[in-house]
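Structures for review follow.
Look at the two complexes coming up: chain A is in both, with chain B in one and chain C in the other.
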Partner chain A sequence: MEKKGLNRRQFLKLTGAVPLVAAAGSIGGGLVFPKGLWAATPKIKGPIRIGYQAVLSGTLAGYGEFHKMGAVMAIEEINAKGGIAGQKVEMEFRDSTLKPDDAIKNARYFVDSWGADFLCGIDSSGQALALAPVMSQLDRPLMVTHAATEKLTEEFVFRKGIKQIFRNCMPTYNDGNAAAFIAKDFPAVKWATVSPKYEYGFTCWKMFQETLTKLKPGVSFTAESWAPFGTTDFRSHINTILDAKPDGLYSTEWAGELISFLKQAKEAGLFDKVKYVMLPVGAAMDVLEGMGKDMPDNIWISARYYFQYPNNKENNGWVARFHKRWGHYPAYVSETAYSAIHAYKAAVEKAGSKDTKAVVAALEGMAMNSPAGHRVFRKEDHQAIYDVPWGKTKSDPKYPFKVMGNMRVIPAKEYFNRPPFEGPGTTPPFK
Partner chain B sequence: MQSYVHVILAGLSNGMFIWLVASGLTLIFGVLGVLNFAHGSFYMLGAYGSFTVLKYLGAGFWTGLLLGPLAVCAAGFVVERFFLRHVYRIALPYQLLLTFAFVLIFDNLVKIVWGGGALSPPSLSFLGGSIPILGRNFPVYNLFIIAVGPAVALLLWALLEKTWYGRIIRASSSDREMAASLGVRVPALFTGVFVFGTWLGALGGGLAVPYVGLLTPGMGEAIIIEAFIVAVIGGLGSLKGAFVGALVIGVMSAFGTRFFPSFDMFLTFILMGGVLLWRPQGLFGAAR
Partner chain C sequence: MKAEARNAAAAVVLLALCAVPFLAGKFTVYLAMRIMLLGIFAVGYNLLLGQTGLLSFGHGAFYAAGAYGLGFFGLHVSGNPLFGVAAGVAAAILLAILVGYLCVRHTEIYFAMLTLAFGMMVFSLIWNAREITGGDDGLIGIMRSPVSFFGLLEIPIGTDRQFYFFILFFFALSVWAVHRIRQSPFGLALAGIRENARRSEFAGVPVRRYRLAVFVLSGAFAGLAGSLEALLESNARPFMAHWTHSAEPVLVSLLGGLSSLTGPLVGSAIFIAMREIIQRFTENWMLWFGIVLLVIILGFRGGVVGTLSAFFRKAAAPGEG
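Right after this comes the complex of A and B.
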C-alpha cells in the first residue's frame, strides 16, 4: 500500500525528466527529422518509446537514480545525433520498488497504456523471475540491466523459450564462478560467508562453493550467516564468522548493507583475523564512495562494471562525459542502463524495424561496443557476454576512495555457464 | 564463553537501540493514545539532521547530536499542532492513515533534500575504535549505546514519577476531561509530550549515525517495525514494558542469528505471538 503511494509521488517527480528528454531532442534541432537511409524506411513510425523501471524508493532509492543517469545520458546523446533510425527516443521512468507485483504492474502500464516499444531495467532477481512469464504475453523486448540470477536466462529464456528477455548486465556467473577462479589461487582452504538471505545470496554462494570445490578439491565451507534484507546491525553475523575462524570470507552483501557490514566488521577486527576477503559487488561505485578511506586495503572486489576498466578511449571518454554531466563517476547500473539504450538503437537500425520479433532477432548474437567493452548477446540464452575485472583494494591519491589494484580479468567465456545448462560440461571449468 | 559474551553484548547494544526508538513511540501512545507510524520518520530525520550538522557545518559529533534532534522537534510540533490534534477524537484508522501519510511525505522530503543515495558518515575519532573483551574486539561506541539506553530509561522514569510535570502528564493521560476541568491545559501538554517523544526518536536517529554507519531514505521504516514489536510485547503504552521488551528482542535475535540462523526472524514473531496469546495486553500492559 505504501509503495503504491510512493509510486505516484515518484511518478509526479519523474515527469520532470520527460521534458528534459524532449528538450534534449530539440537541441538536436534540425537533426531530428529522418535523413539518409532512414528517410526511406517507412516501417519505423513515431518516437521510439522506452519504459524504464528501477527502484526509486526505500533504502535502495539511489540505485534508481544511477540507472536514470545512464539512461537519460544515452537518450540525450542519441537524440542530439538524430535519434534511433531517425526517430526521437522517449523514456518514461517508473519506480519499480522491489516488489514483484509492482514490476509486473509497471510493465503492463508501459505496454498497455503508455505504448512502450521496449522495456528496460529491473533490480531484483525475485522481480525478474516474476516478470519473466508475463513478458511473453506483453510481447515487448525487455533488457534486464541489474537483476543477476542465472535462472532468468537459463530457465526462462533458454528452457522456456521466452525470447523477449535479454540481459546486458553481468549475471551471477561473475559473483559465483569467477570469484572461485580468483579464490583458487589463495592459500585459503576454509571459507565462510555473510550474504543476503534471498535468491541472489543463495545462488551465488552455491555457485562459488561448487566451482571452487572443482577447481581446488579439499576446500571446506565452515560457516554461513544469512542477513535478511534491511539488516543494519551485522554484529551477530560477524560473531558467527569470528567463531568459525575461516581463512577466507566471501560475501555478496551489496549497496548500503555492504557499507554497514564492512564498517562494523572493521570495528570488530574481522579483517585482521580473516586474510582473504572477496566481495563480488564490492567495486560498486556507491560502496567505494560510501566507504571512502575507511575501505580496508587488500580485499578482493569486483562489480558488473568498474569505471577504470577497460582502460581504452571509449570507456575513458564515456567516464569523463558522465562525470561532466552528473558530477559522479558512473555506477555499474549507469553503464548497463546507458548500454541497454544503445543496444536497442543498434538492434532497431540493424533490423530496420522496431517490431518485437525483428528486434529480438537482431539482438540475438549481436555484438556491440560499449563503455564496459565488447558485448555479445549469446543467441541461446540472450545473456550478454563481456569481461569485468577483479582487483585488490588500494589507495590512489587521485581519488577520494579506494580503487582496484592488481587487476585480474578472467575471460567471461571461461566461467559463464554454457547451454544447455544441465549435465556435464555446462559449468566451469571447461576443458 | 567468548562467543556467548559477544553475542550478549551485540544483543544488548541492538536492544538498547530499539528501546531508544520504542521509548518515544510508547510515550506518545501512552499519553496521547496515538499510534504514531511517523515515529520512524523522526528517527530518520534525526539521523539526517545530525549528519548534516556533523558533515556540512563541520561541527563535532556531540553538537550534531544536540542540534539535529532539536531541529526535528520543530517537525514534531507542526505534525501535532496542525494535523494530529484534529484527529484525536475520531477513529484510530484515521490517526494511522494520517501518520502514515507523514511517513511518505518525510521519505520523499529526505530524497529531495539529501538525494536517494545512501550517505555514509566519516568514522568517529572520539568513541571510535574497539577494545578487546575476552580477546575479541568490541566497538567502544556500542558500549556507549549500552550505557545510554538505561540512562534514557532512568531519565524518563524520574521525569514521569518524580516531577510535577510527570504527575500532570499521568493525570491527563488517565482522564483527559478531569485534568482539563482542574485547569490543566491539556492540548498544550499533549503538544509538549509529542514533541518530547519526537525528540527521543530523533535522538535515536542521531545516535544511529555512527552505529549503523549509513543513512538511507527508507531507514525509518525498518526500525519502526521492530519498535512496534517491542512495544506490543512489553504492553502498548508501558515504558517499563518497552525497555524489557527491547532487551529481550535484542538479545534473543542476536542469539537467533548466531545459533539458530534459519529461524532468526521467526523467533521474534513466535515470541510476539506467544505473548499476545498468553497476555494480550503485553508483559507490562494494564488489562483492559
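Right after this comes the complex of A and C.
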C-alpha cells in the first residue's frame, strides 16, 4: 500500500524512519482517544479493512497525495500499537478522480469485492452527494474528509436519514458563516467576490452575504465574478473587481486556481486597492507553500485545519512526526484523513464491534481528541464540530512561507447551522 | 458466419449473461451492468460511425438528455421506470433532431467539430442552469421504483440483481434492433453513403435525410443508455454531456472494431474490464490504461474483433490468404 504512490526517496525515508516513528510514538503519545471495553467483548474478526479514495489524477492530484500521507501515517501508528481492538488495519487507496460515477464504482469495489469495513475520503461535493444513496445500499460507514457541501449532512443524513454518512472536515459553514463573523468587525461595507463557478462557490458566497447582512445591516455586495473550473487567466475577473471598487474581497477560489488568482491579482495591484481580503481556504498548505514569499501580507485566511492551531502538545507533536515522516507540513486533508481513521478506531473499540450499525451508533455523539483539537460528531447530522482559526498572513523567519498571525477563533457552535436546518433560529447568529 | 451459427452464438451469450447474477459476485454484476450500458451507447453510436462514416464528438449530450429526461420525469411526473426510460429516450430524440438537423449538412471534420460544439453547449447549459439541473451537483436521489404495468403487475428492480435483468432486457433489445437496422435496406443505404455519398445521391438516396435519421437513431440509443445509468447510479450529472464522455463510444468502437456489430460490444467489455484490472495494480492507472489502449488500437488493425475474425478466416481457409 505505501510503496506505490510514493517516490523512491520517500520510500527510503520510510524504511529509515521506522525507529524514529516508533520513538516519536512513545514520546509524543499524548493522543488520547476514548477507550471502550473491547477487551471484554467478543472478539472482532480481523483484519479491519479501510477503503480510501481521493483524487490522484488531474490538476488536483496533490490533494490525493496529502490524504494518503495522513491515512498511511495513522495506519502505521495504529498497527505499531496493536491495531484496532487488537486487529491489524489494512487500507486500499484508490483514485477517485472527480467524477461521481468513478467514486461510486470505487465504493462498490471496496465493499462488494475487496470487503471493506469502512470507507473514507471524497473530495468533490458532487461525488459525496451521489454516493449518499449508494452508501445506504452498501451499508458501510463513509467518513467524508474533504467534500464540504452542507447538503450532504443536512439533506441526506438529517432529512433522509442516511445514517452511514459522517463528515469529520469543516463544511461550508466555515467558508461562508464564519467568514462573515470575522468580516463584521472590519470597517468594510462594500463587498465583492471572485469565486468558483460551481455549487461550492455559489453556496459559500450566498451564506457569507446572508450572515454578514444579519450581523451588520447596511453592508452591500457590489460585484460577483465567477471563474469556471480550470480557469488559469484571472485578469478579466480581477478587472471586474477593480472596477467595482469594493472595500472587501471574498473568494473561495482554492488550490492551484487560488495560487494563479493571487499571483495575477498581486501583479494588478489589487491588494493595494482592496484593503480587506478574505480567503476561506487560503491557509491550505498547498496554497501557502505554492505562494511562498509571494503571498501578500495582511490578508485573512482560514482552512479546514491549520497546522499551527491548536498550539498544544498533541497537535505540535503530530505536526513534528508528520514533518519527519513526509518532509511536509500537514495539509488539512492530511489531518482529516488521519483523524478519520482514528475516529473509526475509537468507534470500533467503543462499540466492541465493527458492524455498521454498532459503529454508526458509537460514532453518533462521540467526542474525540485529534490534532485539530476536540471533535464531536453531532448526532442529528453526523457532522463533526470543531474549531478552526482565521488569521492574517505574515512572514515568519522559521518558515519558507507566510503563516497566520492575529489568530481569531470563532467557536464552531456559534456559526454551524443547527438542526432542523430550516426555519428561524437554524442559521447564525444565534441568540 | 452462417445465420444458424450466429444465432446459436447469440443464444449462448444471452444465456451466459442471464447466469451472471447467480454465479458472480456483486461487484462483477455491477461491472457487467456498466459494460452493458456502455455497450448500448457504443453499439448505437457505431451505426453512425462504423455504418455511415460520420464521426460525432457530441453524443454525450444525448446520453445526458436521457439521464436528465428520466430524472425530471421521475421527480415531477411518475416514478415508473418504464415511462421514465421512455421519457429519457424521447428527450434524447428531440435533442438529436435539433442538433442533427444543424449538423448533417456537413461531413468529416466539420461534422465532428459541430457535434463537439453542440455537445459542450449542452454541457454548459446543464452546468449553468443550476436552479433546474442542480448545476455541478447534478440531479440526485433518482429512485428505482418497481416496474408497474398499469397496476396489474409489479416487478421490483430495487436490488442490483433485479435491476441487472432490467438492463439486460434493454441491452438484448438494443443489440437485436441494431442488428436488424444494419441488415435492412436502410442500413445498406447507410453503408452506401459511407462508401460514396455522391454515388448514393445519384442512385436516388436522400443522403441528408438518411444521415439525420441515423443520427437521431444513434442519439436514441445514447439516451437509452443514459436513462438506464441514471437509474443505476441514482443521479444524473453534467459530465455525462462532456466531450470526454462523448469520446468513450468512439474509443470502444475503435478498440473492438468499427465494421461489425460485435466490435463495440467487445470494445466496451475490454475498456471496462481492463481499467478495473489495471486499477488493482497501480494508482497511476491512467498512464497504463492509455498505453494499453494505444497498443491495442495500433496493434489490432480493424479492432480486436476485426483482427480476430480475419485471423480465423485465414485459418479456416489456408492457402487463400
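Here is the rule we go by: the second predicted complex is superposed on the first by the 388 of 431 C-alpha atoms of A that agree within 3 Å, B and C clash if a C-alpha of one lies under 4 Å from a C-alpha of the other, contacts with A are read in each partner's own complex, and residues count from 1 in each chain.
Simple rule for what comes next: a residue touches a chain if its C-beta (ideal position, glycine included) is under 8 Å from a C-beta of that chain, and two chains touch if they have at least 3 such contacts.
Owing to the predicted nature of the structure, the values given are computational and were not obtained by experimental measurement.
Note on chain A: of its two partners chain C and chain B, the one contacting more of its residues is B. Judged by the touch definition given at the top, the superposed model places A:Gln264 against chain B, while chain C stays out of reach.
Of the two partner chains placed by the overlay, only chain B lies in contact with A:Thr240; chain C stays clear of it. In the superposed model, A:Arg108 lies in contact with chain C only, and not with chain B.
By the touch criterion defined above, A:Ser57 reaches both chain B and chain C. By the touch criterion defined above, A:Arg94 reaches chain C but does not reach chain B. By the touch criterion stated above, A:Pro187 is placed in contact with neither chain B nor chain C.
In the superposition on chain A, A:Val134 makes contact with chain C only, while chain B stays out of contact range. When both complexes are overlaid on chain A, the residue A:Gly327 reaches neither chain B nor chain C. Residue contacts after overlaying the shared chain place A:Ala255 against chain B, while chain C stays out of touching range. Shared contact residues on chain A (touching chain B in one structure, chain C in the other): 5, 56-57. Listed in rising order, the residues of chain A touching chain C in the complex are 4-5, 56-57, 93-95, 99-101, 104-105, 108-109, 112-113, 125-126, 129-130, 132-134, 149, 151, 160, 197-199, 202, 229. On the chain C side of its complex with chain A, the touching residues are 25-28, 30, 34, 127-128, 130, 134-138, 140-141, 229, 233-235, 237, 239, 276, 279, 282-286. Considering their complex, residues 3, 6-7, 10-11, 13-14, 17, 100, 103-104, 107-108, 111-112, 115-120, 122-123, 129-130, 136-139, 141-142, 208, 211-214, 216-219, 221-223, 253-254, 257-258, 261, 264-265 of chain B touch chain A. Only residues 2, 5-6, 9-10, 13, 56-62, 64-66, 224-226, 228, 230, 232-233, 235-237, 239-240, 242-243, 255-256, 259-260, 263-264, 267-269, 286, 289-292, 294 of chain A touch chain B when the two sit together in their complex.
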